[in-house]
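Only one structure is covered here, and it is reproduced in the block below.
Each chain carries a letter (A, B, C, D and E) given by its place in the written order, and its residues are counted from 1.
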Amino acid sequence: MTPVLSVRNVSKSFGGLRAVDNVSFDVHQGEILGLIGPNGSGKSTLFNCVLGQLPASTGSVLVDGQDVAGKRPCDLNKLGVGRTFQMLQVFPDMTVLDNIILAGQEHKGTMLSRLFGKPDAGLTAEALRMIDFFRLGHQTYEKAGSLSYGQQKLLDAAMAFMAGPKLVMLDEPAGGVNLTMLADLKERLKAFNQERGATFVVIEHNMEFVMSLCTRIIVLANGRIIAQGDPETVRNDPTVIEAYLGG
Amino acid sequence: MLELKQVYGGYGKMTILNGTSFKIDKGTITTVIGPNGAGKSTVFKAIFGLLKIRSGNVLLNGEDVTALPPAKMLAKGVTYVPQGRNLFPMLSVRHNLEIGGISSTDQAQIARRIDEVMEQFPILKEKAKEQAITLSGGQQKQLEIARALLLNPSLILVDEPSIGLSPQMINETFRTLLRLRDEGVTILMVEQNAKAALAMSDYGLVLEQGRTRMYDRADELLADPRVGQLFLGAHLEEA
Amino acid sequence: MNTFFQLFVSGLATGSIYALAAIGFTLLWQASQTINFAQGEFIMLPAFFVLAGTQFLGLSFPVAMAIALALSLLLLGFGFKRIIIDPLLPHGVLPIVIATMALGILTKEGVKQFYTAEALPFPALFSDRTLNILGAAISVQDIAVLLIALGAVALLQLFLNGTKIGRCMQATAQNPQVAEILGVPVKRMILYTFLINGALAFLASILISPIYLAKFSNGETLGLIAFIAAIVGGFNQIRGALAGGLLIGVIDNLSAAYISASYRSAVPLILLIIIILVRPQGLLGKAEGRTV
Amino acid sequence: MSKHTLLTLVAGLAILILLPFTQSNYGVFVLSSWLVYSISAMGLNLTLGYAGQVSLAQASFMGIGAYMTALMTMAGVPWPIAMVAATVLCFVIGFLLGYPALRVQHHFLAFITLAFNALVVLALRNEEWLTGGTYGIVGIPRPEILGLPTQKPLAFYFFVLALFVLMAAALYGIIRSPWGRAFKALRENPIRANSLGVDIRKTTLLAFAIGSSYGGLAGSLLAQLTQFIDPHSFGLTISLKVLLMVIVGGAGFFFGPILGALLIVLAPEFLRFTEGYYLMIYATLVIVLMVFCPTGLLGLVERARTALKIRQKPNATTWEAGR
Amino acid sequence: WADTIKIANVIELSGAGATVGSNWRDALKLAFEEINAAGGILGEQVEVTDYDTQTDPTISRAMVQKAIDDGAYVIMGPIYSGSVKVNMMVAQQNGVPQLTGAEAPFITDMGNPYIFRTSFGAQQSMPKLVKYLADEMKVKSVAIAWVNDDFGKGGRDSFVAELGKHGITVTADVSSEVGQADFAADVIKLKSSNADAIFAYLHEEESARLLKEIRKQGVTQPIFGETTLMNQKVVDLAGEAVNGVRGHVGLTANAPIPGVEEFAKKFEAKYNYKPDHNAIKAYMGAYVVKHVTTKNGKVDPQAFADALHGLTITPADEPGILMETSWDDKGEVNRDSFLVEVKDGKQTVVSTLPKL
């Protein structure tokens, strides 16, 4: 079976710094892959290279076996790859509802039908469900910019799901999110994963979350993969403990 | 040390704080927990003079400091690390630190302190000349925390220091806070990483809808099943 | 060849005037992230303060200059900041653009209504004696303007990047909320920025007016060209203003002579477009770091 | 659309239909130019107010539209063809002008567009063989609609009004559609929008193209209204004037530019008695307006409206929900 | 027509033409105040209303429309040819006479029976100047510097056409922008063309800047111009760089004519600055209105237009006309003009050139 995502020898340099150094891995359909590593180990940079946000210095990225070199972020999204960002990225002056509808509308119909069709592209009901799930119901018509940090983080995650993607790449979804909500989020991810076969790649520093969610974990340090395997193996790997988890 | 009495306030005409009251003692660590949007960050802004308080008082060592602007609060030995990204993106790491110490009267000491915190957060030393915007998320957070340590405050307000930090760095940060506490500094912290935070704290405070719901010793809160169920995600784990 | 050299030298002379005018733009951008569309008029105005002093109040030239400097600091520095910048700064660049455009009109029309619509001669600070350098005519005045522009750029660059106050000014521009939290006296930093800009406008005014004549409408073209120079040179580097100014001056002269006089004003514009597209940060500017 | 807004719209339209009958020839001329500038400002509002792309070239599109119409109608081409051609040409050129916006934003973009405007004016002035150079073109005919001439000010006013209503309705449709949401997303956070599948390139170019085509149509009407055009009428000051209309009225509000255009077009009429002080007073008013309502007049109205509704914001209620 | 006679002064009060416009406006006010003080026209007081064109043709057209809506008897102005070209159609359609200060040739070529000049068009003045260049100065080649607006373009075109008739060649043809500050490149071009003479046709300040640059680069060819180049304003601005410049002047406050000298004195006393030729035009224009209306015995626009065609007014008939002036059937004027040279910062009349 072709992997959903295949990263082959990707490197990225900024000046003299090799932020991502010859990284290769595959992600198969239905996996929940955790990507961990010390601060500055190149996780976000790797995401950006995969998702067309930054051009990789070398190497190639395949989505469903198709090379996505030169593809823009919106093209990747159209291929069914959703993402969130580490730093807050919402549309601050639009309402929460509009934020969510926007996240789904580009997958509905054609350019023309979006001009002449329904203003909400028929997404309101689904958007409201999504908003309710993330407990933003009382904020539906507020401007996204006036939400608290954690609420914006949740909104960002909600947007990544709106298009019903087959691969979602989440950069620190748990940061700033209340533990109870986080537990719900974890269930949601698992449900998505089991019911729809969606695949996830998650960057996260919250070990409890990562260990209980992911089926496989890759550890990055200084831009290189230093360990990978199932949560148990990784947790007990001395190099990982030394480089990342600490004593 | 710090006391809030029936504080009401919010954004525009919107009320977020509905009579928040609490009192913390000198030389303790208190962690504030609560759901997203409860008003935790808003409380901090209110204390630090960044939010219009409609009624109520903030007392610092018995003195009324309600609505004092940030510069005055700094002069009284209070520092504040906000949530989110708070850097000068185009300035270098070192210059970002330097500006963190600008309010001090003893600039020579600040220069020394900069060297010290750079030892503590080696990545900052390594990247001293880089523009702050090029740092990774966690590196930026480290820079912010380091910046707050430059001055010798008597009260530190930290809003979710752990976001973006690796487990090792979280430990390092918490250890630093504990050391400061032992030196007599008072710390008020918001954390979603509540279990770890409460475990190192003296007191815990549950904030909801802008009101203090619970206030107790941290270990008591950790043991309280209601808190566990509602804020620590316990009910799902047990299920 | 001789013609070429003369064109080049004259271009440098004009270019240093553009540079002088452009410094203000880069300063305001770097130290307060604002754009002042009235900058041209700011440079036009102080000369009239001097003229009013000498003509109406009968003051001697140096006294009139001192008073004009004080007025520039007060009106173009302090007043401008208090009345327009302070209330608009939190609302982003566009309202400031509109307000300063209006301020430009107000200044221009004010001078016209209350002073004169005519161009007036302005006494030169430096001799306008012409020197002959390798067959090219250049005046002492031209050289002085070039040197002063160089000096102003060097000093400002040093001040902004080499002193704590300078860096606090930049910090305030990049993130005023955080600057405030850290105890940077934000209001005072902004005031410094605008006072320096007022002083720069005064300096530019008294250096430019002997050459351009003092006229209410001088700001129109000068403001635009200075802006182009600032962008071409690099908006976030003070020294970019110098590079941009000199480049535009020389290119303008060369294109007037060798391309087409009627399309001469097109050349800097095309240069501007090309530079922005190829190197948006300008010739000497620093690229902004990462975006995500 | 609620009943309330519908009623307001009908009332507004009735006023627009009846108002000119109370005016002198000159008054009708002023009203017509208001509508023409409104069309242009509506276009800029789409580009700037909704899509967040700062364009200072709107006057150049009015110029291109105006010259195109003038040259074609005077060469005997029927006016509908000329007007459509002018609009389409501006759409295409606007599309191309959008390309720099893909690389740079904000003030850089402002200056590229400004430079473009200046270049268009230079070309109009220097290419005398085509444009009549600095003298411009005089005697542009007004259209004849189904045998009815619009030579008279009043008749032409209704022609302009009809197009104005049509263009406003079209814009309303665009803004309410998913396209409108994509434009706003482009303004608010292009990086996030891109990662959500919004084709930034297409969206940006379209924002420019549509906005410019509104400018082109306005120019086309302006040429027929004044029956004279010269390069000067499409210079930077006019671009800034259109920008002023958008900002003063309220960028990003549907009726903002229409209100803004009304103020800017009428201001000279009300201030004429002040003679030479006219521009000073005008400038002062603009400054005062900006200082007190930087989001424009409609922004002020909206602020007032929210301020009236004192709200108790419902918060996350786990405590109760937990039971 | 009610108790007052309404004169519409449609003129450049803001924008690029503000300077010339205010000269015109001030002189016009002066003249009509005198006329009103002396009992008005046909016993009625004159009411002058200013309409600012903002130096914008489109606005000028609207202003003429407004003036006519307001019931104007005669329209005075504007001065910018581009504006007149547009708004004269409106006046024509409504049958209102218009006394303009514009000098571009085409104004009187369009067969409009309601337009009248107050001074020469360039096609009248250039022949006088070129004749002088060819006959007296024996010039064979000329380098031209001109400003690229309708004023400069119109003058340059007439000048070049006239040169052709005398077989003089143009070796450099340098256009510049309104408000241009830097003339280094222009002068280099003029200088390196090695022409026998330089002809400059620009507005005042640009003329001053050009002359200063010419002096700076040590150009030796003689410099000629038309009206503006020898203007007092240019002398004030460019100082000694103007010395030696020669040219043709249609109207000048320095003309050795008693009426003009007296006007200049009155004007300066009232407004505190020296009038230019535009002021003289407006002043004369006001008296043309008075003279023709009085002569007709009624306030009738059509009669006014009819009467002014082919009319000659002498200072004896009407002192305010200052110099004897005739209008032909196209509205073009004809009167004496002057050849002047700037000496020691003073415009001095070298000779008076008779009516054509």
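Heads up, the rule we're going with is that a residue touches a chain if its C-beta (ideal position, glycine included) is under 8 Å from a C-beta of that chain, and two chains touch if they have at least 3 such contacts.
Quick caveat, the model's predicted, so the values are computed rather than measured.
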Reaching chain E from chain B through chains that touch each other, fewest steps: 2
Number of hops, chain D to chain E, where each hop joins two touching chains: 1
Of all other chains, the one whose Cα centre sits farthest from chain B: E
Identity of the chain that, by mean CA position, is farthest from chain C: A
Whole-Å gap between the CA centroids of chain C and chain E: 36
Whole-Å gap between the CA centroids of chain A and chain E: 74
Centre-to-centre distance between chain D and chain A (centres being mean Cα positions), rounded to whole Å: 40
Distance between chain centroids, defined by C-alpha means - chain A, chain C (Å): 47
For chain B, residues contacting two or more additional chains: 35-38, 134, 229-231
Junction residues of chain D, two or more chains touched: 125, 191, 276, 279, 315-316, 318
Sites on chain C at which at least two other chains make contact: 109, 112, 262, 265, 291-292
Chain C residues within the chain B interface of the complex: 164, 167-168, 170-171, 174-175, 177-185, 236, 286, 288-290
Interface residues, chain C side, partner chain A - complex: 291-292
Touching residues on chain D, where the partner in the complex is chain C: 54, 100, 103-104, 106-108, 110-112, 115-116, 118-119, 122, 125-126, 191, 236, 240, 243-244, 247-248, 251, 276-277, 279-280, 282-284, 286-287, 290-292, 294-295
Contact set on chain C toward chain D in their complex: 35, 83-84, 87-88, 91, 93-95, 97-99, 101-106, 109-110, 112-113, 224, 227-228, 231, 235, 262-263, 265-266, 269-270, 272-273, 276-277, 280, 291-292
Of all residues in chain A, those that touch chain D in their complex: 51, 53, 72-74, 76-78, 82-83, 85, 89-94, 98, 101-103, 105-108, 111, 114-117, 119-121, 135, 138, 156, 159, 162-163, 180
